[in-house]
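Naming follows writing order (A, B, C and D), and every chain is counted from residue 1.
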Amino acid sequence: MTIRVQEADFDIGTELDRLSSGNKRIGGLAVFVGLVREIHVREGYHRDRVDALTLEHYPGMTETALEEIEAEARRRWPLEATLIVHRYGRMEAGERIVLVAVGSPHREAAFEACEFLVDWLKTKAPFWKLEETPTGEKWVGAHAADDQAAARWEKK
Amino acid sequence: MTIRVQEADFDIGTELDRLSSGNKRIGGLAVFVGLVREIHVREGYHRDRVDALTLEHYPGMTETALEEIEAEARRRWPLEATLIVHRYGRMEAGERIVLVAVGSPHREAAFEACEFLVDWLKTKAPFWKLEETPTGEKWVGAHAADDQAAARWEKK
Amino acid sequence: MKVRYFAWMKRTVGVAEEEIDPPAEVRTVGDLVTWLRARSDGHAEALAEGAAFGAAVDKRTATFDVGIAGAREVAFFPPFTGG
Amino acid sequence: MKVRYFAWMKRTVGVAEEEIDPPAEVRTVGDLVTWLRARSDGHAEALAEGAAFGAAVDKRTATFDVGIAGAREVAFFPPFTGG
């Protein structure tokens, strides 16, 4: 039930403590932390380097989109706690970008809902990545793999 | 590649920082935190209360079993980093029991391997839970659901 | 009505946002795209037919058949790449 | 050879571990279970036929057909419930 879009870094331990403390029905937390990956291996051998990236977003729309994604997860799984913290602005390689955490009595629901939230926020929340590479700046294109990952949660 | 069995609590933020720092190929961490759940709803309506539990384990065998589980995960998925911290001894409701974290270039591998590790450690590592309830102490029986969760990873 | 552009579309159009006053026959997001293309080469390139971009009306994702009557803000952007 | 018991089996048997010296015809984990049952009512109850318990030989999970020749430690325990 917490959604934050912020420029500052976050502390995972503090965030997760706050999320689960006081709720005695939580048996498991499933968590995802997205990081700025420096080395990208493409097509199995070619290596690109990303020194930093800048995340642009659409203030106002971002929060609404994340709230809708979170509400959908709560409709689908019995969740006791949810947290999405997504950063924007410039981040160097190795920095944290996003934290998604889900608390549930049962771990299966926590894992599924966490994966769902990550998949959907990648394709349904208005964020755009601009990478700084040795050959210049480059807007990241949408990944077909992300679309496929998101599509598996579409209701038949 | 880190496995620890300890009585003391752990700090999630510190553990995850140590796990991912210095490895620039990690794009995502999938994490599971198991907690002592106080309220157990059984059969949809009956509520049991667990005030605390004591985890017994088999020193020596536990570490070997966890190492084997971790090695199996590395055979199955392209992982950059793995961490299992499992506590033993007495823990009160709301306390952390176990931390499983997996770092990979790609989130799908991280999520799958993390779920695999949790499922297998529940059924293949020698831990036993003794619950303290208002009606006395009670050894936890094996859950059919855990066996089923573990079985889905058995190679055909 | 305000129009906003994000990511590479902002650079191609040349502005992050602009105030516009389209004629009454511009009724939908799709109509607006066609109308905006005529404003400059940058607009024409960013909003070209076949280019992969999406839209939002008042900060909610909108397909091209969505009406824009009464909207305060229409946005255009490339596919999302967050997370 | 040392035998160890865990969780409720330890309470039922009455000891956490014991030194034993079974005769030569006790060759497998299964043989040892049968032999141990005769030691006390607690042993008989903990290691009863049909009870759900597992074993380890020198700290590795072992089925009942595994040999115990040369083993330093055999353990018996209920199904695992960690995590």
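Remarks
Just so we're on the same page, a residue touches a chain if its C-beta (ideal position, glycine included) is under 8 Å from a C-beta of that chain, and two chains touch if they have at least 3 such contacts.
Just so you know, these numbers come straight off a predicted model, no measurement behind them.
Seen from the C-alpha centroid of chain A, the farthest chain centroid is that of D.
Annotation: 48 Å between the Cα-based centres of chain B and chain C.
Once the centre of each chain is set as its mean CA position, chain A and chain B turn out to be 22 Å apart.
Our note on geometry: chain C versus chain D, Cα centroid distance of 73 Å, whole angstroms.
Annotation for chain D: no residues touch two or more other chains.
Within chain B, residues 34, 118 each touch two or more of the remaining chains. The complete set of chain-chain contacts reads A-B, A-C, B-D. Residues 34, 55-58, 60-61, 64-65, 86, 97-98, 118, 121-130, 139-143, 146 of chain A are the ones that touch chain C when the two sit in their complex. Contacts from chain D toward chain B in the complex involve residues 4, 6-8, 52, 56, 59-61, 75, 77-83.
Put simply, chain B touches chain A in their complex at residues 11-14, 16-17, 20-22, 24-35, 37-39, 41, 93-94, 105, 107-108, 110-111, 114-115, 118, 149.
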